[in-house]
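Same chain, two partners: chain A is paired with chain B first, then with chain C.
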Partner chain A sequence: MDIDLIFKIAGLGMLTAVLHTVLNKSGKEEYAQLTTLVGVVIALGMVINLISKLFDNVKALFRLY
Partner chain B sequence: MILIKLIFSFLIFTTCTAIGYFHGQKFDSRLQSLIYLEQCIKILETEIIYGLTPLPEALTNVSLKGKSKVAYLFEEISKDLISMKRDHIFHSFQSIETELYENLHLEKEDVEVFWGLGKVLGTSDTIDQQKNFKLTLKQIEGLISEAKSEKNKNEKLYRSLGVITGVGIIILLI
Partner chain C sequence: MEILKIVGIGIVATIFIVILKNTRPEFALYISLLTGVIIFTMILGELSYVIQTLNTLARRVNIEFSYFSTILKIIGMAYIVEFGAQISRDAGEESIAMKIELGGKVIIMVLAIPILLALMELIIKILP
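Let's look at the complex of A and B:
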């Protein structure tokens, strides 16, 4: 199991939170919303492989193929 | 391998920070330019209304008395006016357009106000000129207050945005 990925996502989350606060404070709410969305998408892109692996494993375990 | 990674992440971080910093700096530069421009126009007003100095000479005097960040432009206008034998001083004002945008970081509306002064300069009697000076100074005052609020809003934002983007890219790449 790759533990680095967790730290990476944690870092990304912190950055997104800071970015959201900074943009929100300077009155650019729509950009703040957008950056949060982009952060979520990037984090999802990081874990999508693992999720697909998980579903494959579930399929293999219950012999659903 | 780790060393290369470290060096390049540092490089990315510095670049992003610098971009953010200089983008934020533009707002400060615009505000400063407008304030100095106002001072210079006030000096020019005094030269014309009370000193009754001829225009090229008055412009040169402004360039000597004003803050050098803006005042050198008046020297250039004066030089252009004499050397190119312009029939109207407005064409000399137009000749320094790129410098207004690039060195002083002015916006389009600031330049238009400045040019508005150029259009009427030296075309009528002192009373009318004084009215026009007053109008221009009033407009610049409004622009200064607008630039101030814009600076307060955006300068810090762009600076922190640069740093955060740099860190974000590094985290994504590592």
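Let's look at the complex of A and C:
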């Protein structure tokens, strides 16, 4: 299974949290916001594939065409 | 042991969500979403076995097949609607969850109308 995706996203979240704090402390607020945005977009790209696969599976199983 | 895997994934994901919730709530949302998808995908294999059994049973007792496939469709739709509504509710959007559920109810109603009509016809036939 793709359980390591959970670990990946958790790691990504912690990394972005640290980056956000560091950039905020050094006074670069706009870069801090930008890093958070990029992190969210990367995580969304990982998740959305799996969701579409899940929906395809459910569609095939219950014959929802 | 499928059940140990499912419970383990749930516990690990819960720990991550608790860690991330204070600093980055959006990643906590992604992790809960992903956990739901993974657990659901694991269950789907078992579910297909149940559906095959139901299928053979329905064929054996000679129910009209369109009714059975309608029921199957309604069950699948209910699963998907529940999944989506639960995710929005986790993210704190109660109103969007309500709208998703409303949409699911309406579409299920539309699917169920042929069965309702058949029932009505049967009642009219029985009555003199």
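The rule we apply is simple: the second predicted complex is superposed on the first by the 63 of 65 C-alpha atoms of A that agree within 3 Å, B and C clash if a C-alpha of one lies under 4 Å from a C-alpha of the other, contacts with A are read in each partner's own complex, and residues count from 1 in each chain.
To be clear about the criterion, contacts are C-beta pairs under 8 Å (C-beta built on N, C-alpha and C of every residue); 3 or more make two chains touch, one makes a residue touch a chain.
The model shown is predicted, which means the values in this text are computed figures rather than measured ones.
> Based on the superposed arrangement, let me know which partner A:G27 touches: chain B (first), chain C (second), both, or neither?
first
> After the superposition on A, what does A:L12 contact: first (chain B), second (chain C), both or neither?
It touches chain B and chain C both.
> Going by the touch definition up top, name the partner, chain B or chain C, that contacts more of chain A.
Comparing chain B with chain C, the partner touching more chain A residues is C.
> Determine where on chain A the residues touched by chain B overlap those touched by chain C, and list them.
12.
> So in the complex, the part of chain A that touches chain C is made up of which residues?
1-3, 5-6, 9-10, 12-14, 16-17, 20, 36, 39-40, 43-44, 46-47, 50-51, 53-55, 57-59, 61-64
> Give every residue of chain C touching chain A within the complex, in rising order.
Residues in contact with chain A: 5, 9, 12-13, 16, 19-20, 23-24, 26-28, 30-31, 33-35, 37-38, 40-42, 44, 47-48, 51, 69, 72-73, 75-77, 79-80.
> Write out the stretch or stretches of chain B touching chain A in their complex.
Those in contact with chain A are residues 153-154, 156-157, 160-161, 164, 167-168, 171-172, 174.
> So in the complex, which bits of chain A are touching chain B?
8, 11-12, 15, 18-19, 22-23, 26-28, 42
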